[in-house]
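There are two complexes below, and they share chain A, which is joined by chain B in the first and by chain C in the second.
Right after this comes the complex of A and B.
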């Protein structure tokens, strides 16, 4: 790892290099530009009514569970895997939280929330452990586990219900300091800063990127591949738990069925966010914006008086076209 | 993180040669293993509910297996090329819904339109994946949301006259021959299955399919037009899915916008249980047929046991995982 540290310090000395930033982060910047355009489109769609801090808040509230699911999926995809049970994991945490937190004090619900983050890590580690242990492709294991976790969610709660204290809900739906800063956005930033960034630029993060890029070479370079794969799924489990808690906080109830929608959209957000499905490339910051974009499209449709189901059509087309463009860019780069 | 200890050492102590040869022989023939599992499941059903096994029961099992087997047939072809089609359920639903909506134009026209839906979706998938090299997972995922979104938006415009399931389709899906043991859907399923089985084994297209799944680069260098193979495969997959949707709407006898969506994951599961590798190049349709029947019997066993929906799902997941694990370990050893 010392060579990497040296390399990064020499890069630091070179100062700001616009071209390098554009090449390395062009895709992420593009997604954020798209997000800004969509927010402007959202404001424009509201037209006679002014765009207020409330609208900004509702955008974040609507997207919060998907944002965390997208973060989870990106860590797993970067490590070379994919988790098709992610949405169901979000639902599991969501229903546990809603059934435990009902009629509890704020302090107790926070304790429950911390406990559920651990549960999320354990669930993720089980998925990752099974992938490593069985040697079955990730997509098949997590597909099978999506049935299992979906069943678990139904065992805990058969029909939507439960609840959460108001103070806990305001963690997801309130604002922070200024009315223009939704607390959901603050939590996203905090989770990124506290849970992902410390790992990203240290041994675990490098190991995750390394096994995603080339598993054999990573192994030959001394990376414990099996352990790192399980770790990637466990980190994903943590983010999925955050997604489940966010769903509890933003909706105030637990819903055992919400799973598959989130799974598929998390994959879409990851791809739109610039993570390569082959692994080893991308980041977590891009998919966050992509998840926001994906939830903005249908809401803009609603305000335009267009059938929101066209939003689904446009979401699908957006994903396909973006990946096509990405593929063409990659081809041009190579030639 | 106990799972860190992954490199489980291969069994070092040599077993008696004959036993090892026998186990290899069985592992080499997944159909035998699947057959044994199916028989065990049927015996379990018989124990859970004496009098379960009857000619009618076999007919019912086949009748419910047929739509799933059609969806899984397309999925098998696609998975042999190392792809996956997550739009089969959306395509099947669209085909079934539009067919029911257009039933007043005459059965033949309605069926033709259903097949056309499959052709169009498959063509777009195939062009995206074959020509533009979009990852199959992404392409079909996007296509699924385009198809089901568009179907929901224009649901009304697809309906002319009274929506109904044509008698012909209904009869084909649930009708019986010879004392209720043989469903009429077998008249459609058996020839198609034979065509797929023989086609995969003997036709040039079939062999190319395996080759492309095994090593697309080598295929390209050997002069195979890989994009054409992929295009044809995704079109076939969507058309088979459309037929599956038509059969399913015949079984259910009412079309809605979420008709086939619960069958998406089972269509993948049937293929995986049937021993087709998700990495392509290994497997075939015979395993998938047994896989589809096993899933249907398993479902009926869990219903017999009065299992809750939740417990059913959990067991379903573990069984898929266990079978996939069995294949993974057996292919490693062979």
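Right after this comes the complex of A and C.
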């Protein structure tokens, strides 16, 4: 046969391939470019007041709980699920932390924080377990659970209150080494590096992408689908707990009813961050920047003296336009 | 001692018996072929052996020890490595990640790729690789597990011949190492050239094991056929009373005998010249083919579900290139799919299901004419004698009645050409008979009917004429009187006149 088959002539292993990196991570890079543009827009909106390290810090502080919620939602959506109770979980952890940590020492607060991380994992695993065991769609189970946890948050704390020691708060609001490095950013980086990346590049991470990509093929590849789904929800629960602790550290109090706002924004951040709602595609790093973008837009509006409600409109329009561009690019790629 | 011994394995899905009693013995150091016509139970047996489904009864013995294969992982543990019909790698992971996911030795996989002289970048996303490469990767991955038994299910179907040769070389090497290969293929020439023994399944039973020799393909075909033809013909009754009456709306205005549908050089597979045929008004033209020879694409193109890459279609003398099913239906070309759920609104009542194509007409803005609708629907129901006791939801109907519903929709709406893709799949004999009679009556009323069927005896029972498609080309055309099963199967395996070219 003289047919030269594409298959047999593919070039062997290549070195660093800038073009492929750009294609594979193009979306994430784009989101970070958008973030830089928005920060510049923020500085411009502040004028004539100068943009200082304090402003950078407050951007991170304002976004921190949502960033963690977006990380949580990413992992779950990549696995082919969705968790509509994430925001409420953030609120539950937030109020528990604020009520337990009030008048406690820093050391005790840290202990409580670790305990609550475990609680987050357990709550997440319960969500995942219910989805797997009942076979009811993820969206239904987690919506129902959001009412449960929402009620629990209000039982624990009827109105915003509680507190946390200053040292604990400075974990979220302080700076690290330089005044230009907000400690919140350091914590995001640490959590990513310690809790997600090791999984991402090992079999458990591949399994999460696999079940989101094609559940039947994942099963045929020997993946324990049920266990992996529960694991994705549990990881999500851990990140949600981090979000709740971040809310306690950045605000110094517990707020029982911030939940649903965070849930919806976490889904928006996931979509904007390049994760496919169909599962299997994307990452956690993109949605982190997307969450920051989503918090910046209303702030810029406020500084410009525009009705914050328009901020919502612009935020929504931004998501639609960006996602639409993504869809168009995908269509072009296919044809 | 044989490596693998399968005895009396059976599997049923509800009332449908997929496998009655399968037997299979694979010795170490042999390449064993598993053969059978469509629906004989091959894929069910393969699914059982690979742990995708569990058998109901019978025993599977590996190396003298009885085993229960509960999962794909379990199949690997007893030394089986399957290469499935469809690529098994996950599209959103790189090749290397896929290998790590399945705990496959990457070095060993690379070694096998090198030996087959394939260079694949393992850091490439699986979704970006062409299909033949994916097949070869699946093979290399299976080999890297160093299995006792390599199972290849239709692996050559998507491969160009140079790569297929590499697969055969690997099979021979595996045999020389004293290991076993189970080879499943529709291509008899490949089986006679590469296999030591072959087991033949028919109607869910193993009917024999033989040594396949070149030139004796027809013997194998006979074994695959058995007595099914006479049994089926008997149960159906070639002539039928025909209580059905065709609704006037279906009667086309075309005089019988004019070409209604012409297909010229339509590319549906490997063959660059594609397939060509003519379908006349008042005629039922059969399409006979084994699985995956391009018949799905042919029907998809005609029904407007996909656009062909090459070739022409002509309907009633006018060029026909529908971009959507809507356009096809507007030109009078309608589809009755094998999967009824693609055609029905399962949650909705019978009446709405039948009336649904009526709502398509752009000229019918405004309220739906209930009277007219009721009249048309009732006529279609009467014509097909649909059991209407389960009025409320189409999904509560039996399979046969559901299939009638998919035809009834077009009776109410009117059409000129009906494409039937395996319309009798999985329905009972009585209903089959009614559907045959109905198709005949539609043709007598002037409709053109194109019928693909996986049950070859149906060709003679229903059609006037048939074409046989093999690897995207027409390898036979004959009047129904000559289209007995041996003739059809021979052509469907690409034997006969095209054999010289291969």
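Assume the second predicted complex is superposed on the first by the 322 of 335 C-alpha atoms of A that agree within 3 Å, B and C clash if a C-alpha of one lies under 4 Å from a C-alpha of the other, contacts with A are read in each partner's own complex, and residues count from 1 in each chain.
By our rule, contacts are C-beta pairs under 8 Å (C-beta built on N, C-alpha and C of every residue); 3 or more make two chains touch, one makes a residue touch a chain.
Just so it is clear, the model here is predicted, and its values are computed rather than measured.
Legend: residue contacts after superposition of the two complexes on their common chain; A:214 is shown touching chain C, with no touch to chain B.
By the touch criterion stated above, A:24 is placed in contact with chain C alone, chain B being left untouched.
By the touch criterion stated above, A:144 is placed in contact with chain B alone, chain C being left untouched. Applying the stated contact rule after C-alpha superposition, one finds that A:227 touches chain B and leaves chain C untouched. Put chain B and chain C next to each other and count what each touches on chain A; the higher total goes to B.
Common to the chain B and chain C contact sets on chain A is no residue at all. Note for the complex: chain A touches chain B at residues 82, 125, 128-130, 132-137, 139-141, 143-155, 158, 224, 226-227, 230-231, 234, 264, 267-268, 271, 277, 307, 309-320, 323-324, 327-328.
Looking at the complex, you find that chain A touches chain C at residues 1, 3, 5-14, 24, 202-203, 206-207, 209-210, 212-214, 217-223, 280-281. The residues of chain C lying in touch with chain A in their complex are 50, 52, 71-73, 76, 84, 88-93, 97-98, 100-103, 117-125, 129-130, 132-133, 136, 160-163, 165. For chain B in complex with chain A, the touching residues are 1-7, 84, 86, 128, 132-135, 137-139, 141-146, 148-150, 152-153, 265, 268-269, 272, 278-279, 308-318, 320-321, 324-325, 327-329, 332.
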